[in-house]
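In the two complexes that follow, subunit A is the common piece, with subunit B as its partner first and subunit C second.
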Partner chain A sequence: MMQTQKPHLIRLEVNYRGIFQKTLAYHISGDVVYAAHKEGKTAFSNGRYSDDPQRNGIPCANFAYFSKDLTEEDLEAEASASMDITEAEVVVVLDDTMVKGLEPWGGYGIRPINEKVVKDGVVLIVSNRKPADLIAQMEKKKFPYRIAILPGEASFAGLWYFKDDMTDVRVLGAIAKVAPEIASIDTVANYVASKYKSKEKAAAARKAYEEVKVSTVNAGEGIDWPYPKPILPGWKDFDEGVYVKGVKRGFQMGPRGQNRNPDFKRGTSKTQRPVVRFDLCTKCTLCWYDCPDEVFDPTTDGLYDVNYEYCTGCGRCAEVCPVEDCIVMVDELKFENQDSPYVLYKKDPENYVKWAEDKKGKERLMPSPVTGKGSTVSKVETPKPFKKGVVK
Partner chain B sequence: MVEEVEEFKNANLYKGVHAVDLEELYTSGHRTCQGCESALVMRDFVKASGPRTVVTGATGCMYVANTSYMTTPWIVPWMHTQLAAGGASAVGMAAGLKALMRKGKIPKEKINVINFSGDLGAGDEGLGGLSGAMQSPYDLLVIVYDNESAANTDIQASGLTTWGAQTTFSPTGPAKRILHERWKKNLAAMMAIGHPNVKYVATSCATFPPTDYMNKVKKALSIGGPTLIHTIDPCPKGWDYHPRYSHVLGELAVKTGIFADYEIVNGEVRYTYDLRNKKRTPVREYLEKQGRFSHFLDEDYEYVQAKVDEMWDEWELPGILPIKAGLKVKK
Partner chain C sequence: MVVKQEEKSVFDREELMTGTDAVAEAVKLVDVDVFAAYPIRPYTGVMDRLARFIANGDLDAEYIVADGEHSQFEIGKHASSVGARAFVGSSGVGWLYAMESIGVTATDRLPLVALVGNRALDDPGAFGVEHNDALLVRDLGWLLCWASTAQEALDTTLIAYRVAEDPKVRMPAAVAMDGGYLTHSQHMVRVPTKEAVRDFLPTYDLGNRRMHPDNPVSIAPQVNEDWVMELRRQNYEAAKRSRKVITSAYEEYNSIFHSDYEDPFIEETNVEDADTVLVGMGSAAVVARSVANEMRREGKKVGFLKIRWYRPYPTDEIRKALSNVSNVGIIERNFAMGAPDDGAITMHDLQSALYDSKNHPRVVDFIAGLGGREISKKEVRKMFEMTADKKSPKVSWIGLRE
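And now, the complex of A and B:
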């Protein structure tokens, strides 16, 4: 039998926030294929089927494949037959809060962002953070790989109003830097200039090529991933009939007192989480009443605990809360765990308030109603001090 | 807000948000969007109806969201049915329970049968089945959660989409700015007027005014017979706004009057949020907070405002009965 040589194949994964970055991710994964075509490579891209229907904030992925020697049919047969890819040479991350883990659907588990990256592969993240801060939340690997940071804020928009802040072409320029075997920067810049008929966009791609900072992540750098990979039942394990086991009824007052869906937690959708100043709370119940993910646990003293495992970080609680600065949405990357804030508060109210104010900082980010129109930042002069006597 | 009327004295209406039951029967862990209003519509109706409830859901985003790969947030029994079969499934379920009780196979007790269908499921495709359910002799409640699009398949226009909105069926473009030229189908009124036996039809917003929606569910279940509640559900995905503002848009939909909030009890119309001969919030405040109207010019805002003004100032019954239903007698 003839020894078959491994064909030349480059796999690229684009991780993005559902809906918010859908248009952006489709620009990137489409354009990178066209650019590779210009260099005579075979290439195609596709969205991950099970991501649809997409939901706001849910982690989603597009894939693109490139080869120097395979025909289109062979490349499709080689690469696109499975639902998800198992390995990727290039992992693009369009929102840095996704380094905390990905849980796109039930039964998937919370998986690390660098799960697919191969030895000497690259994780390219759009972020304003230092590589060390991001690696500190990523899983440790047994082999070295590279991390590349493209400076910038995560670009969020909606389905109809697209924020054209050039993030799409900047990421293309960065891909040319970290994986020139897909397409060179000249090819990318020329393609961008001709597609968008814009010299500025081509210049932005070239600038990003210069700006992107690449460093090596050594074997063993990172954390032990805290979430287990779920073992899915095979077809022989299913009972007869088509049914899904409901959540067992169960409720008691206090943190984690409500029974919830144990197999799908949804928490990796959030880019921000609500920080609650329990000492300012007037017990109006509106945060609990308006929460579409049922994450607030009622307690016997009328306060509401937050279950961050299930919180999707929409910000409705912060919006309906009638007390200024009582619930504030804070960047998810500032937190290390999902502990109950109510328990922390009860243990040591004074320290909790100090901790909460430290997390909140002095800046308040207010998104405009139409997501693609950006956010406004306001300064809070001095965060309110801890008031003794308000606690009941 | 809560009025104790004779026919609802057994409905155990919530008197304020502090009286609302704390236990969840539709709980966390569903694959909905951040800030999803429809998730609240589910959670609140089952909270109001209590644990002795069976639910059927027609295909739509709230079906797919609630069965992510063999997991579910439902605690009460819930059954999926086909896109247009919402009404029929509720009839079948109610009839089945009645037969089982009559034959002594299950104890006799009140079990609430609730179907939820989307605006496409109930208002367009399942309209026949919905009409059949409304003509049936069974106790059932159909909740139409209206996010003004086929949201599950990434936002196609339905018969209940607001005039001018961008959807995948009606994108804006250089040749034609406004592609969606239908005015919103008046579903709740159509069901109330067309089905004289139905004792309770209401429109509502899940979060504004607080407890109003849950109390409407309680009223519908206590009055008996087939009933219908049509809710307006701001959808951060399809309407293109930041999920933080879902309740803001729900409140504005009611306060601007673009969505009339009322209930029809035994043929009597009661406006929950009465905007007749009152100063209303300009519709523009509601529209410009949504990316799906980002292509609107001043004339478009004025057109929608004029239609809303006409509804509240000139209709025989604002939100329900148009000026002579648009018909004239031939002279």
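And now, the complex of A and C:
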């Protein structure tokens, strides 16, 4: 007898930042499996093996699978014979800056966060932004799907030296709202209460269930994805032996003057980017000298341009810059492109500075040198005025 | 999975675990004395979990991080020779780096248990599953088996100690599992109690050979080269004896832990009356079993045979199961460059096992899933169809990008 009906299957993807959110993501993908088990469903989870060891900031993914009617073995055969999945009913995003694209490895390309979501599926994002701001950076789809926003910052709570901000259970509560067929909020709250022996955590899950805001993303909403999809080579496309062509040595003064690896840019690792006040720069060279990813391009006038495509947002340049407010790390989601800041500056220095100060805002976030103490926010009431005539 | 009432006494709990978590849990349950470690994906998962056990005071063992896999396996070997129960493991090229030590652990007949988290032999920096790493020891005097699920990984590790340490055997044992598919996938696992494991696994006793101040012995001395052939024969007999020991170990395991390992060596899914059978090892078995069942429901006479123990090889079991089958296909997650018929490794063992049986089937070989490439349901179905088709070639590559 032929099987005609497709088996009941829900695929959940948890996108997270390597290292910083690894434990958090494992808690979520594991706990949601336990919760589904409580409702008698078949479920299991796995991590995307190729991400291991989930290096700093690299976009990584965990998966969980659920079914009402399949056995565990049939579910595994159906869902996870592959190490990455192509479709998901629920896409969880633990850091909203990942809506700008994902590039976990070389040769993978920069892929949209909503690439896998199916029709009427849901992208659940932990974010303090409005849905429209996020959709404006996501790829347009040919079908409608939902976007759900759980208010919150990208959490580091999975790291043992950070305080528990309950993001783990809050995401569980939100999943119960957007995909109750995985587990109901009562099941989730009861499971959380018994696992963590904490009424507060159960209450946090319930509160998140109420807080999460769901809206529809219509077909065609979003952007045309600017990055090409990678072409995977066939076995006759390689030369024999294991080698790839090196990046040809090349150096010219000026923006994008240095040859870099076109196949792995790593720019999607960043959650913030350095904004440079070229007018304040003393040309001390420290940013260029210290940058671990060599993203600063020297220019003929002694300033250093930033290549944001390769910048991983580590903040080292801002740390070593001796001039107050000259290099400041700013939330990556405030930017629409990777254009050269130096070119913008040269075109219209005064306007550039105005634009830069607008992006920087009035707050400066400084992580405490003592772990576990969080970060301090200082206010900048009056930005440093535009300094004329620096560039000769 | 529901834990039955009467099982409560032998099971401590059910927990969501990866394959490497499950092995680490087994290592804790057998109460190892020495754990030698050197990190490599996917083996690292075991190190992480065992480090946590020791830090939390759940396990009292020497945790020795070596300067490389060669030293790591030497540490395991030496610990084993002084009567300490030891655990080691590695993956891919790390396992190969330890090869000198791995070879002599076998000739010294020390019952070390190792995990091989199957991994491609690296270049180009790959760490997806291939079975060539573990298969390199198939002829060296190691017992060698594959686990397909996290539960099986836990069970098999316990059983491996029991078999390896049996005075009739005293050979090292390698438990292999597919990197990624099993090592990084979380499933519910029933964890036995310490007491029940103690009933199953006697204390490790190396007898007269145990190196100790009260029992001075010199292990593996360069005494007389003329002894070698006789020592090999001893090893050969032990390997033969291990079949019976494995059988009785599984019988007892089933009775204590209510598990249903019907045949320790092979696992049959609809093989009995099948015309066409696929044979495979490791995590591909999960997909293949599911497809075999699905195709049965469609009325096709297909079956799947999983090989669990590769050394000792289940010669009789394979002969019995496959003699009357018309077509056999083998899913190979390994390669053997320039081998007979240009087939991969396990085809040759399977064909020689069948050579002397009266009605041996037509055998075709499928090289699939190398470097962690997926073996999906669609591909398994294709392999079933190609196996049934008398016109298909002797060896085919499945899932290769042309």
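We adopt the following convention: the second predicted complex is superposed on the first by the 378 of 392 C-alpha atoms of A that agree within 3 Å, B and C clash if a C-alpha of one lies under 4 Å from a C-alpha of the other, contacts with A are read in each partner's own complex, and residues count from 1 in each chain.
By definition in this document, a residue touches a chain if its C-beta (ideal position, glycine included) is under 8 Å from a C-beta of that chain, and two chains touch if they have at least 3 such contacts.
These numbers come from a predicted model, not from an experiment.
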| item | value |
| --- | --- |
| Subunit A residues touched - subunit C or subunit B, whichever exceeds | B |
| Partner chain(s) touched by A:368 [first = subunit B, second = subunit C, both, neither] | first |
| Which superposed partner A:228 touches (first subunit B, second subunit C, both, neither) | neither |
| Touched partner set for A:47, first subunit B, second subunit C, both or neither | second |
| Partner chain(s) touched by A:290 [first = subunit B, second = subunit C, both, neither] | first |
| Which superposed partner A:72 touches (first subunit B, second subunit C, both, neither) | second |
| Subunit B versus subunit C as contact partner of A:80, first or second or both or neither | second |
| First, second, both or neither for A:322, with subunit B first and subunit C second | neither |
| Interface residues of subunit A shared between complexes with subunit B and subunit C | 52-53, 233 |
| Residue numbers on subunit C that touch subunit A, as the complex places them | 16, 41-42, 44, 123-124, 127-128, 179-181, 183-188, 286-287, 289-291, 293-294, 297-299, 372, 374-377, 400-402 |
| Subunit C-touching residues of subunit A, taken from the complex the two chains share | 1-3, 29-30, 33-34, 37, 44-47, 49-50, 52-53, 72-74, 76-78, 80-83, 232-236, 242 |
| Interface residues, subunit B side, partner subunit A - complex | 17-18, 20, 22-37, 39-40, 43, 51, 61, 64-65, 67-78, 151-155, 166, 207, 210, 236-238, 240-248, 288-292, 294 |
| In the complex with subunit B, residue positions of subunit A that touch it | 19, 52-58, 105-108, 157-161, 233, 244-249, 251, 253, 258-266, 269-270, 284-286, 289-290, 292-295, 298, 307, 310, 312-316, 318-320, 329, 367-372 |
